[in-house]
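By letter and in written order, the chains are A, B, C, D and E; residue numbering begins at 1 in each of them.
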Amino acid sequence: MELTVDHFLGLSAALFIIGLMGVLMRRNVLIIFLCVELMVAAVAITFAAFARETNTLDGQTFALFAIAVAAAEAAVGLALILALSRRVRSVDVDEYRTLRD
Amino acid sequence: MNDQPLWLTFIFAFLIMNVLLIGMAYMTYFERKMLGAMQDRMGPTRTGPKGLLQPIADGIKLLGKEDLIPRAADKWVFFFAPLIVFVTAIVGAAVIPFGGTINAFGRDLNLYITDLNVGALFVLAFSSIGVYGIILGAWASSNRYSLLGGLRAAAQVVSYEIILGLSLVGVFMLAGSLSLRDIMLEQQTNLELGPLTVKNWFILSQPLAFILFMIAAVAETNRAPFDLPEAESELVSGFHTEYSAFRFSFYFLGEYISMIVVSLFAATLFLGGPSGPGSSDHWYLGILYILIKAIVFLFFYIWLRATLPRFRYDQLMGLAWKVLLPLVILNIVVTAAIRLASDGLLF
Amino acid sequence: MSSTVAQPGTDGMPVFAEDMPPTGTYTISDEVAINESERLLTLNMGPQHPSTHGVLRVVLKLEGEVILDCDPIIGYLHRGVEKLGESHRYAQVVPWTDRTDYVAAPMNNLGCVMAFEKLCGVESPERAQYWRVIMSELSRIASHLVWLGTHALDIGALSMSLYCFRERELILDVFEAFCGARLTTNMMEIGGFSRPIPDGLIPQIREFLRVFPDRQKEYDDLLTANPIWLARTKDVGVIPAETAIDYSLTGACLRGSGVNYDIRKAMPYLVYDRLEFDVPLGTKGDVYDRYLVRMEEMRQAIRIITQCVDAVERMDTPLMAYESEYVIPPHKGTMTTAEDMQRHFVWVIKGISPPVGEAYAAVEHPKGENGYYVVSDGSSIPYRFRVRSPDFVNLGVLSHLAKGAMLADVVALIGTIDIVLGSVDR
Amino acid sequence: MTDDLTTESPVQEETPRDPWARELFFADDVEQHPAVRELREQFGEVVVDVVRFRDETTIHVRPEYLRQVSDYLRTHEQLSFKMLIDLTALDMLRLRTAPRFDVVLQLYSIKNRVRLRLKAGVDDGQSVPSVVPVWNGANWLEREAYDMFGIVFEGHPNLRRMLLPDDWDEGFPLRKDYPLRGWKEYPSYNTERTVSRTRTRWTGRGA
Amino acid sequence: MPWEVIIFYLIAGVAILSAGGVVAARNPVHSAVLLMVCFIQIAAVFVMLGAEFLAVIQIIVYTGAILVLLLFVLMLVDPEDLPEFHTGRPVQRAIGALLGLILLLEVAAAVVTRTITGRQGSATLENIEAVGGNTEALGRQIYTEHLLAFEIVSMVLTIGILGAIVLAMPERLGVSGYRRRDTISLGHPRGTDLALPATAGAPIRATAGSKPEPAGIGRTLVMAGDPDEQPVVGGGRR
């Protein structure tokens, strides 16, 4: 059995879907945040796997960019959580509806 | 570079690990003796000749103590947190080269465990994982002093990680590689300064980066004057307030091993690693040199601890973001400009 | 009457009701109830804590590292020295004062004895007064050394405490040679000193005087210009002169704020009016100023001791005011003749009975004004024995200073107030 | 005095002396004490008694005026008793019938360098106005006086136990009717040695 | 089965298990710890894919910075406020599971039936080795072909930092601003303490016989020889 790109894609898909399910199922905003990070990381695996498959570095480059953007997202997201928790005293997403109104 | 069999690497890694552990034990002895000398007292004298068996006695004592877990603690996290600190500290040594490839015992041997092409970043990465041990241990203790220590550790390590990483960028630019072995080999070359011919140690071309690196390294290893996470005067013991016995000893081991690793790292990056008179002919001299250089750094750590008061949290953060960060970026810009100019690419 | 509960002002600072709450109302802490909507962490510092200098307990309300509320809780070392003083004979009370501020015990003895002497109308002889000055200035240095060592240790300068205790040993050696005890000296007696001065004492003190200024330069080198020390002490815990007086601060806490009140100058006792010395005053009133003031006080103390030693070296006058009826007679023959022994026995058992009245005597203790207020009803036991310990009163300003400071500043503030819990709790 | 050089004035016609001279604070005639003079002028009946003993002046005032008197002394331009050095109480149980307590304030004037003692009699169950509005330093001192004597200071922001535990229910220990060892019987601590003293390597002498 | 595949399955197994733990853990801190484990596995996967630089960056950025920040936030947030998994609405959970399953099938189908149509690049492992390793090759790639994207990412990061600062700033000034205020009034009827007037540098009347000497750094002590002299310092003449 050869280690092919399918293995990596499968792992990536599994992680992505676990992350997605977490986003959908959990109510705690911090865990949702963690799951989003997991999804981004899963996608980065896909990038790297395709890069390996096609013998280019573009995939790795974009994985790198994905990580950078995820860092920015994390900073903003955590700041939002902090600001919201300071105001609402709760990290339950359903209570953040006031934000939409 | 040679591809040596895996078992040989394992033996070497095993050796390094043991040397680190023993070195850590005698690092505590060295520290206590040095502090004693600086503070007008004797240090350990009772256990063995000149107190030389003191570290062993301490170790036995720590292992023999009762292991207390607070009732409110998160058992699993409390259990694993010290191990994280210990393991990540020791893993960092994997990429430190103690010399090149030598010919001894009838075969070619590498004086390094592995040569990653991202070796320097590897050390940084594992030192950044090490902070988990502190944060998680602090959180799991469910003690407020610990929690505050953990918060301080998190903020401090994230801030000084940046300084630590960026201060090395200049070195990477000059060496043209992230591999510690390449960086070490680059420093073996000669540099001609007019009539003087010196080794191309990066401390000469990157003095500012060296100073910033040392400051950040002290902060990264949570040593005085940046020992805020365990500031004993306000936070009792900070993150390891609730730890006792061998769990505490893991924190202790982790702290001292990371000091040794950082010292070896600094010696490799800035002081030419094993380079020195005669080191190209005799590999054991190289090992001796790198150890001496590391000990100089370790002495520096102890010296700081005996001399300086502790920073306050906001001052620590201000130092990182308002003073060190601009300086380190300045260093990168200047280094890059000089590098480009020397290649004739600027203007 | 509105409540003390603070309302958030427009700029986020709590605004306080202008009038005082009724008696006995108590919400969260001493003076302030913090707005409940704040997310606060309550940190209980002490009574077992490395840098609360004993058994002080400080309940802090933190927001992050910033202190919003601070409530010092004392009494863990309360031994009822005042009550004990009211149930012992006058001469028996003096040893109790050793146990109040045990890092400068001779000063406590001195204040207590001075109050008794004032009550009885006794004046100790000149030579005894000089020796009292020497001992009290030595104990000032000893106390300041403990302060400096622990204060620096709190701020993180590890070595300082060891250096300071090295020099303190020399002073304790002097005490030991003088009275046989190092810590709880019980050195002063009503009327002077009943025992002769040991022979080698003056050379020993001179040796200390020779050594100490150089050692103090070492402290200066280590701390005074140290950037981290400056960062930790400058503009921290600023007490304006107004506030210092308002809070009844005395000692370096008051003089650091620039108020010139030193009992040695303002109402000279002993022979201080004959000695040349200056009173250092701060200009800003922060931790650094108090540090400088205390450092300078040590230099001035050396100056005073030098003058006293010079004066006392040639003196051969009596050490005890034996002419007074309130002073214990010389117990020369107590070991040999029965009459002397009986007389001494009766004297000790009966004690002295000062006239009815009250007296307040205060000394400039290293920590501030150490006052003793004694009321006599004519019996041989004080009717009221009040110890006005400086650190108890000075500590009252802590909660005021700590608000808005950072967590690490609290230990600097406790250090700068210079408390000894034995003296705070009495 | 320059007047002495120019005119041969008789002793009765004292030279116009400075009414705030420092000697006056220590004058034999206690009525010449500037604080006494001013208080009598300003408050009249409030000054109950003035005592002088060993160069110390004690002014007894009526308790309900304690805060006004304190504030007057503090804010007075010339007297300027800015500092409250000490505040404590006296249980006069065996010395007089009523009032039982004296609240004692030791004041100090930085300007004149003199001390002054202020006393206000207060009976058990009565309250005395707090001087915390006048001096913040009185906060802890009054708490201590309350703790030790049970004197209630009206208007104190936070009058609770200070040196004794919050739940102390044995009364006020510095009262004269409070026995030295307290009201309750406490079990004596076991001071006997339960472990026999043995000579060990560590203690050496077999301590 | 070659070693490579066994190691891969080991890594993948740990990654998926820990990822499942992230979703299932009740305590957010446990989630974060498990995510850290998962990220380290992903870094290992990157190494297997020949992307060492990416692996190290994954550890430094994700585990070293993002998760530490997250733990920081977790400690600041009161755990009492965190609702638990099992109190969530079962409908949403069911729908989530269902959707996830469907998507898993879709992706699996896509993976199985995929045909890679992109052109094959020249960045084979041998070529990368020739350039000087993965890091150098990646560097060349980023700073030549993807320079614009790189700049945009740096812009995104800058904006993100600024946004985070603005969002996380407490409504009533920063912490340091809070510190520098005058001490508060303690409910005292006489109002707040006045801030110190700027007399610290004002000339100080030296008394006779006193010698103002430099005592500290940027500070001088007044040496008062006369008890009646009150220097003009601090809160004014007293």
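Just so we're on the same page, contacts are C-beta pairs under 8 Å (C-beta built on N, C-alpha and C of every residue); 3 or more make two chains touch, one makes a residue touch a chain.
Given the structure is predicted, the values throughout are model-derived calculations rather than measurements.
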- What's the chain with its C-alpha centre farthest out from chain D? A
- Item | Chain pair, A-E or C-D, that carries the greater number of C-beta contacts | A-E
- Between chain C and chain D, tell me the centre distance in angstrom, where each centre is the average of that chain's C-alpha atoms. 19
- Task: State, to the nearest whole Å, the distance from the C-alpha centre of chain D to the C-alpha centre of chain E.
- Result: 57
- Query: Taking each chain's centre as the mean of its CA atoms, how far is chain B from chain C in angstrom?
  - Reply: 46
- Query: How big is the gap, in whole Å, between where the Cα atoms of chain B centre and where those of chain D centre?
  - Reply: 61
- Residues of chain D that touch at least two other chains are 82, 110, 113, 133, 136, 157
- Query: Which positions in chain E touch two or more other chains at once?
  - Reply: 53, 57, 65, 69, 74, 76, 78, 134, 171, 175, 179, 186-189, 227, 230, 238
- Going through chain A residue by residue, note those that touch at least 2 other chains and give them in order. 86, 89
- Which residues of chain C touch chain B in the complex? 41-45, 49-51, 62, 64-65, 152-159, 162-163, 166, 222-223, 226, 228-229, 231-232, 406-411
- chain B residues within the chain C interface of the complex: 35, 38-41, 144-145, 147-148, 151, 224-225, 227-228, 231-236, 305-315
- Residue numbers on chain E that touch chain B, as the complex places them: 27, 29-30, 33, 36, 40, 52-53, 55-57, 59-60, 63-65, 67-69, 71-72, 74-76, 132-136, 175-176, 179
- Message: Give the list of chain E residues in touch with chain A in this complex.
- Response: 1-2, 4-5, 8, 12, 15-16, 19-20, 22-23, 25, 28, 31-32, 35, 38-39, 42, 45-46, 48-51, 53-54, 57-58, 61-62, 65-66, 69-70, 73-74, 76-78, 81-83, 85, 87-88, 92-93, 95-97, 99-100, 103-104, 107-108, 111-112, 114, 116, 118-124, 128, 134, 137-138, 141-142, 145-146, 149-150, 153-154, 156-157, 159-161, 163-168, 170-171
- Message: List the residues on chain C that touch chain D in their complex, please.
- Response: 4, 20-26, 29-31, 74-75, 78, 80, 82-84, 86-87, 118-119, 121, 243, 245-250, 259-261, 266-267, 357-360, 362, 369, 371, 373, 375, 377, 383-384, 386, 388, 392-393, 395-396, 400, 425-426
